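Here come two complexes built around chain A, the first alongside chain B, the second alongside chain C.
Moving on to the complex of A and B:
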């Protein structure tokens, strides 16, 4: 499966100026985390009884895991639609996915008030099968493990482990790896169904799981494209233009499909007038739709003359679109009452930056140690 | 060779797993039906806003028996809670309209018949006692994810933001304190005007309906909590002309738990076929793996 394409280790020193910058932010966040674990969540965050979830959930977990869906989105193309030509992009996408999900896991532990009780997920008498969050938590934990298993052939190539045995395990992992994100990425939307009146009707909908799932596939292709272009640039390698052009067309289809579905839902449930009458919320709705529309329109318009720059810029806009949609559902459109406000504190933001920096550090170490990026000759 | 005898076991395991999954999908409905049957017996409180004089004795008694710290104002003298919090499990609020009407309203956990917090909690730390109907929190299980706070339509569960070992705090009808000793909640016991009465839900509903019937010009004809949010154990009467939305209660036709669970279960029932398709995919992948081997082994 994965070994159909050739990969190579990136040459160069691990410790560069960029690497040191990430290290700085990571260490800074460690100091703030010490405060969080000794003085409580209130000491570093602006969370409150009205807004029990802030950017650690909205960004690190919800957006973070969505950004980690490159591996999943490509796997749909490669294994379900049988488009094998995309497999050169697979390994690096898997690596970012594994890192994205692992970091989301760290963020959850930081965010949990009573983290020492998480072992409860291993005790069946505590399982609550009607809890959407239970399903999300178990799926995400399992999927993170699956992602690292899917990466073992990469390590095996370097260390010379028995690859035949590994292949069997990896095959099973790949199948499970297709099911789990379908479940938990849609359920990340279902989580907010229970918020009911607290989530503005522009976003509250029985279709939340479908909106989350479809936009996460789009974000997966966008992150795989952007990552491919960035690493080609950073490590001075040729661009994978043939693959990326095809991928952009898929993004256009999903992008337009998503917008159409969004409006159908609003019209069908009689909420369409809200797109003009909700003031700031209406503005955020239009911003969200515009961020989905602009890259879809532009990529379609220039479909015969796509440059690396265009694909990169519009992929990034797609990522912002998916991120803004998720922020709208989890924070901006979420209003527990007029007497509550939330804006992330400096410490809260720095901890998020620290987590992301750590993710970049591991990425840089990994691609310079193991064969992850596509070999140059292709 | 060793694998072959294992296969029947695995098939058996899958069969059982499937049966369990189908059972789980049907079971919650069955549980719900039995819940509604004995909800008449559950511990309840009826708060009559027309009788409340706003003396806040209930709030003080609650703090005393449940060992809750005061929320000191800047002068350091007054316990000055302005809303429910990790230090205040019940509070009396004053509603004032622009046209001069006013009414007191008591807030605490509503002890819903189908509680959103219980449905939401991933590790069953929020539970509803099957015999008393009390919704309570179990610190030995809670992971502090705060999904109960997100889910609760009444904004009841609160969190100790300033502590490294935080608790989720909400009213548990004095389950381990006053109720255990005296058989009544502290707030209902101390209320000087009888604005809060404690009893079984069935009896309190009859009482509430009688009050409305006797004094139709005094009361809002609706009992909030009879059906709202799927029904609650703490119920409210308000003055005529004062709506429950004005008193700060959301308009809830169904319980959020029911809406969330029906969608989530619906999705999974319709997702079973695609799952089977993916299982088939596993076998489709196999021959291609062999091709891969040939390529790499050439």
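Moving on to the complex of A and C:
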């Protein structure tokens, strides 16, 4: 990424009590992963022929990569809309993005039933070029690589590599990094277009790619805001309030726009009555809409008096909103037939928790080793 | 008989094909294997036709009508061919005292050999004065004839259990034959009217095997009355699925749903109506949309209001039965606990962090440093 602001290394010990807690969950998941890779999916998961995709895809891949879109969402602001003032947030957002995407990639491999066939992905004669899933896989893999390339200046600053050569590569990477998430985040929605009868009509729509893409940008800003506040709090650094206030207004616009688009789709396709007649599904729809509406309304109402706490709370609610929407599309509103049930097993959930813990561990190590967070200019 | 005094079929020969067909149906009704058709045939063709005395008391002659006016004309001919009907008030040519002389003559001539078929209930109140034939009380005629009969077959609900006349307050004290005659072999063929095939089968059984078929507690042949209507009802699936007719002519009624809520007595009534059916064209009360009134069951038919719901002898149907599909896939309690814990921890952590973040705008640390 392009150097515009100053960054610094956080001082402090890497091994803290929080770090050890994450380590515990990570080690626990390693044991369960050993069982999964030796005894198969059935030994640790509740996945079945009816529900071949469970919490690993719905959370680790779909929600996880959406949470990793802070870098993408900020890049749109900084490079396309030319709002250069947001660049102090960029590095930490890139780091979370790189971590989120790397973990999403690992989660896919964990979820692959016959994971020993994964090398086939490297053989072009085995590619199915008309598959949306293939596009998602290629995009996510490439984007993960791009994200790490974009982070190389961070490492270069520490190790003293030749930065001039790096910057040219990083420039190209940043451009590609703008295209790729646009492709695969909308494609994560496109995947569910083919589950025509399996996905409840409240969610099934030709607009799924647009809903996914627009909500992922919202989630990207929300995760960047929350992360900025969180690191400011824990590393006792100043809050980036000027930037966050501006960012929250963008979130409000996208949030309201998303809700309006959602209802327009339902009305124009004659599905609006379903919001009251589908029982549990209707409830989940309203929960989802409420989670998008409440932070949008509150951030707008308090737009002139936003505090760090308010921005944090409403950003978190936005993240829940995007997560619930993705769960609704991938698991809750998705019904392969009345005789199938699915709820993640304990081992399945613990593996997910372990993966998330690992992300936190890497983040903590990274910010304490490399200059990622904005520099304090006292 | 139609109004010209002509009984269709009675004057015509039965073809062998129709004859064997009827015997096969009768054998099937009795639950006999096909091989028994030959035995039945031999019994029917036997030159010594057993004499039958057919008595009528308090009744409507519906049972006789149902026998004579079947849609299969060969049926009545067969009945009248295999038995020697020596006395039957409806179809005999004689009348008045002449007819009564025939009766006396026949019971003396065939004493101990004839079968007595009874149609109609017998009044017992006030000494039985409410039904008299030729100055003789019904109860006396019954006792006199029964004394000399080899067996008695009570046809219809009236002769079996008292019928509609015995309904409270039962002004004539009407009872079935088995209340009056206790010392003779007696078969009840109840119904209003009973299925002609049940009458035919019962008579054929007695003639062929020279004994009384296996009877239930109400002296009904088990082959015809051994099974509950409810258990063989073509609408039973609707009962199990909780789909009921609520009013005559409603959607469920037009679609042929269960008539239980309309007071169907199928759950307490034993008869072969659902399987044998009537009129040779496959109709029966429930089949045409009317609840069973329980005419083959004592204290049910005529005694209970048609609309009254009976208690099924099994469990009362629940409003909804569980789906018949088998659940596949898994959803474990531990998983629910783990997900809830993770969600709770995430929400809790967010809450803790939020509480540590300042909620006042002026405590904004940021400001002068950024816009450089």
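One rule holds in what follows: the second predicted complex is superposed on the first by the 376 of 378 C-alpha atoms of A that agree within 3 Å, B and C clash if a C-alpha of one lies under 4 Å from a C-alpha of the other, contacts with A are read in each partner's own complex, and residues count from 1 in each chain.
We take it that contacts are C-beta pairs under 8 Å (C-beta built on N, C-alpha and C of every residue); 3 or more make two chains touch, one makes a residue touch a chain.
This one's a predicted model, so the numbers in the text were calculated from it and none came from an experiment.
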item: Touching partner for A:343 - first (chain B), second (chain C), both, neither; value: second
item: Touched partner set for A:137, first chain B, second chain C, both or neither; value: first
item: Partner chain in contact with A:306 - chain B first, chain C second, else both or neither; value: second
item: Partner chain(s) touched by A:187 [first = chain B, second = chain C, both, neither]; value: first
item: Touched partner set for A:243, first chain B, second chain C, both or neither; value: second
item: Contacts of A:129 with chain B and chain C, given as first, second, both or neither; value: first
item: Touched partner set for A:113, first chain B, second chain C, both or neither; value: first
item: Touched partner set for A:353, first chain B, second chain C, both or neither; value: second
item: Of chain B and chain C, the chain that contacts the larger number of chain A residues; value: B
item: First (chain B), second (chain C), both or neither touched by A:158; value: neither
item: Common ground on chain A, meaning residues reached by chain C in one complex and by chain B in the other; value: 48-50, 339
item: Interfacial residue positions of chain A with respect to chain C in the complex; value: 46, 48-51, 55, 85, 88, 229-230, 232-233, 237-243, 305-310, 312-313, 316, 338-346, 348-350, 352-353, 376-378
item: Chain C residues touching chain A - in the complex, by the definition given at the top; value: 323, 325-332, 334-339, 342, 350, 353-361, 363-367, 369-372
item: List of chain A residues in touch with chain B within their complex; value: 1, 3-4, 37-43, 45, 47-50, 52-53, 79-80, 111-115, 117-118, 120-121, 125-135, 137, 167, 171-172, 174-175, 178-179, 183, 186-187, 190-198, 206, 209, 336-337, 339
item: Chain A-touching residues of chain B, taken from the complex the two chains share; value: 24, 28, 83-86, 116, 119-125, 139-147, 149-151, 153, 155, 158-166, 250-252, 256-257, 259-261, 263-264, 267, 271, 275, 278-279, 281-282, 285-286, 288-289, 292, 295-296
